[in-house]
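Before any comments, here is the structure.
In this document, chain identifiers A, B, C, D and E correspond to the written order of the chains, with residue numbering beginning at 1 in each.
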Amino acid sequence: MISLDTLLETFKTGSGLWNPLVWITGMAIAFLIAYILRGYGKKEYKEKTEQTKSFLSGNPEYEKEKMHIKGSNLYWGFMESLKWFYKIFNKMHTGNVTDYVLWFVIVMGILFLLVGVI
Amino acid sequence: MIYNIPFIAVAALVLIGLYAVVFKRNLIKIVIGITLIESGVNLFLITLAYRQDSTAPIWHGITASSNNVPFMSLPVPHALTLTSIVIGVAVLALMLSLVIHIYRHYGTLNVNKLGGDEE
Amino acid sequence: MMSKRTIAGAIFFSIVAVFLVFSALMTHSFGNPDETEMDQYIIDNSQGEVGADNSVTGVVFDYRGFDTLGEATVLFTAVAGVILLFRRLKK
Amino acid sequence: MSGGMSKIVKTISNISFPLVLIYGLYIIAHGHLTPGGGFQGGAVVASGCAMILVAYGSIWTMGKIKEKHLSILESLGAIAFIGLAFLGLIFGFVFFKNFLIGEGLIFDNPALGLSDIYTAGIIPLMNFAVGLKVIAGLFAIVLVMAYATTKKEAETK
Amino acid sequence: MNIEQILDTLLRHSPALIVAIPLLGAFLTPLISKINDKVRNVFVILTILATNFFIFLLASDVFAGNIHTYVFGAKNLSIPVVRILFEVDGLSAFMAIIAGILSLAAVIYSWSFMKENTGLNKFYTLMLLMTAGMLGMMLTGDMFNFFVFLEITSIASCALIAFWTNKGKAVEAGFKYIAISAIGALFVLFAIALLYAQYDALNIAVLANNIQYTFLDKIALVILIAALAMKAGIVPMHMWLPDAYGRAPASVTLLLVGATQASLYGVFRVCFTLYGSQLNSTLRNISGTTITLNSLLGTIIVILAIVTILIGVMMALKQIDFKRMIAYAAVAEIGYMFLAVGAGLTTLGTAVSMNALKGGIFHIINDALDVGLLFLVAGAIYYATKQTSLNNMGGLARNMKYTTVFFLIGLLAVAGMPPMNGFASKILIYESVYQVNPVLSIVAILCSILLLAVFIKVFHSAFLGPEQPDLKDVKEVPKSMLIAMGLISCIIIFFGLFPELVVNNIVQPAANALASNTSYISQVMGVI
């Protein structure tokens, strides 16, 4: 079964730099640093003052349920900048069996040309 | 070359079936196309089994030791064809029952009028 | 005016057609295949080994019996599938 | 089709059904000697049952036999088939071994004088198992599909 | 007869029993389910457990280095090979392990997931049949037998995809799947017939021994690769995959992942074993540079893989249906395996190639586990909220704590973040592909980052945020679903913590089996 040195083997970097202990300790240190910085910030933080209220550039604050960003609104800018790409590929994805088979025929033809001619 | 007409018939059957699947819009015609491809492949297997002036591979009333043993065609492609025919029946039954369900839901058999996959 | 889809389909379909017909022409001439080792073995020995006069049945149920099991399974699967699709949805 | 067809069709199918049945069973039983076998004979018998279904209508037939009985029958045939394969594992020490041939159990036994009978060992048994399976399976498919469609028509009427 | 002999006998017969036991269970299920439902579920789970026992028994011996062959109907194989062989080498055993784990998780999961539905007897029958079909595809050594099991898998999975027949889209997805897989399987059979016409053999080892790469072999190779790649969901033939994955019940989707990878296994088997003897043959010289078959095939596969990764990730980013999004992510993940194996094929016989093959094969099991876990989480959310669109979700982390944890594990694993198994295999892929062509590696890394973005989107919009008014009374899912998800996440974390162990003991034999087919052939044909 699994002996101890084989377990230790896995901590050495084999093919691929991969050492779980290094990663886990690194994450722990990062969390520690973040906690310390947070401690610094906490001194200037006063309860029940204007600081705690959220400020929507003067507009009234919505109630909680409305504040949730829906899935389709995420990455809006990304989608907007890649409109041309998505226009092409939405046209490609017609949920249509015959088109699926046509794509199969196209790939088969290209492969025939590549493999058969070369 | 000229003896290969059966193989060319096989290619023609497969291509007709593929044409029906790619260019027809009716679900029933698509199913027919798939069965055409299947019968083309079965015809290919059977034509592979044939040998010039050979009989069916059945030892009726003779044994390997007896004289005038007939020249027999290949038995394995027959078995493969039998298997693939039964498989074709199974696939056909399932496809047709799905077509019935699709007709119940959408009231049409035209591929373009179905729901598609984009919401 | 043909649509873009029709044109692309026609082009690649004809390419596939050309290659399939070529493969049909390149196959061994119809009726006389090359020396068949496996099939000749089955033809010669099926009666003695399997005891079936019908060599095809010998292949189907003995030499390639596992295929037949799979084939029966395919039919079983299809029946189960059809009964599943036409089941009553309410309990 | 829900109400069945005319009296002529019913009578003719009544007459010809036993012949179809016997022919199919003949094909199944002689599978190892003549062209045919479990699948072919089963298909013949199933087509006979389909003839009865067309003649009498699917609702009448469904009243006679339910598809769940047919599926039980079919799984029995499948279990018999795979059970024979497992028996080969037990008696012949190989899965799918034709354990009645060349093992000197019953056939190929010169002492019994049965050595030159071409009984094909377990192949007839497998033929019967597959035949039962194919009869039940194909008839179940046809019955269920026909019943579903006719029920739909009855609802629309 | 002591335990040693019993184990030895079981080991000798295990290749047949691995397929025969699920088949027998499937045939018995209609009779068992007459008793009552609980007995049926227990029976199905016990069947899968017995299958898994034989799988691990066989794998433990195959990974020790010896290939198992099992002849159906004869004590020992004879030349010419007239009977059906099962030939189990490292790759087959590796894939069989994946199928076993997935089927076990799927059956446990569906105990409570499918409780409310009717027709469960047929459902469990088809699950067992699908498992048997996958295992047969992975273990068989006979081309026609491969086709038969391919059909079993496709028919069973088609009927399961259309399980919810009251939804039109599910039925439509089922029809698309059966049409696609029927055409693919028929072309596979056509290619098999082409091979049979020339070499009068159906056994893979025999075919691989005397394959010549004539014109008909070229046709057969193209048809096999195209048809099996379509079944494996390679862009641009991937479009059936989101429909099928998105509409099927979650436990069926888990098995579909395994079926897809069985087709992937078929592609690898054809490229590396069936045509393995001809891979080094020079096709032609173009201005001094010689084009060999492996470089040509490898280039084709790598190009397909890059397109697959890009389009899979980009399409996943814009989906708002949870399961469709995961399905597109699964397409991208399949592209990673294709990328690594194609890179290994272009540089066959070098150290880089071995690393690439190891990465690709290791990624197969990782992808199966990660994507499977995510699909189970999606099914759990559907079970709890009856919603699939991300727009109607929000704040689920409050009521579904365990599910959230499992989703986080799957998220990190799919995106290749340490300390999960996805990282361990992806860094192998990056390193080895970088030495083939740096651009490929860069594209792969960028797409991996986008994949993380995809699931961050899911995490934010489904689990975080304020509690939605209509999701106030959401409960945590029942135990069996949690058990299934926990089983998979335990394996994920174990693979992530001890990757070297897995790579050395499980992946290495599979990579060796891919790298050279001489042992596969000589097992049947005797020493060449």
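Just so we're on the same page, contacts are C-beta pairs under 8 Å (C-beta built on N, C-alpha and C of every residue); 3 or more make two chains touch, one makes a residue touch a chain.
All figures in this text were calculated on a predicted structure; none of them were measured in a lab.
Touching chain A and chain B at once are the following chains: C, E.
In terms of the distance between Cα centroids, chain B is separated most widely from A. Of all chains, the one whose Cα centroid sits at the greatest distance from that of chain C is A.
Looking at A-C alongside A-E, one finds more C-beta pairs in contact between the chains of A-E.
With centres set at the average Cα position, the gap from chain C to chain D is 22 Å. Our note on geometry: chain D versus chain E, Cα centroid distance of 36 Å, whole angstroms.
Centroids of chain B and chain E (each the mean of its C-alpha atoms) stand 28 Å apart. Chain D has residues 33-35, 37, 39, 71, 75, 78, 82, 85, 96, 98, 138, 141, 144-145, 148 in contact with two or more other chains.
Of all residues in chain E, those touching 2 or more other chains are 23, 27, 72-73, 144, 148, 151, 155, 158-159, 162, 165, 172, 175, 179, 183, 197, 215, 219, 239, 243, 320, 389, listed in ascending order. Within chain C, contacts with two or more other chains are made by residues 9, 13, 16, 19-20, 23, 27, 33, 36, 38-39, 42, 47, 53-54, 56, 58, 60, 62, 64-71, 73-78, 80-83, 85-86. Checking each pair of chains for touch leaves A-B, A-C, A-E, B-C, B-D, B-E, C-D, C-E, D-E. Put simply, chain D touches chain C in their complex at residues 31-37, 39, 67-68, 71, 74-75, 78, 81-82, 85, 96, 98, 101-102, 107-108, 118-121, 123, 126-127, 130, 133-134, 136-138, 140-141, 144-145, 147-148.
Those residues of chain A whose C-beta lies close enough to touch chain C in the complex are 99, 102, 105-106, 108-110, 112-113, 116.
Within the complex formed with chain D, the residues of chain E that make contact are 13, 16-17, 20, 23-24, 27-31, 70-75.
Those residues of chain E that touch chain C in the complex are listed here as 23, 26-27, 72-73, 80-84, 118-119, 122-123, 125-126, 129, 132-133, 136, 144-145, 148-149, 151-152, 155-156, 158-159, 162-163, 165-166, 194, 197-198, 200-201, 214-216, 219. For chain E in complex with chain B, the residues that touch the partner chain are 144, 147-148, 151, 155, 158-159, 162, 165, 168-169, 171-175, 178-179, 182-183, 186-187, 189-190, 193, 196-197, 202, 239, 242-243, 320-321, 389.
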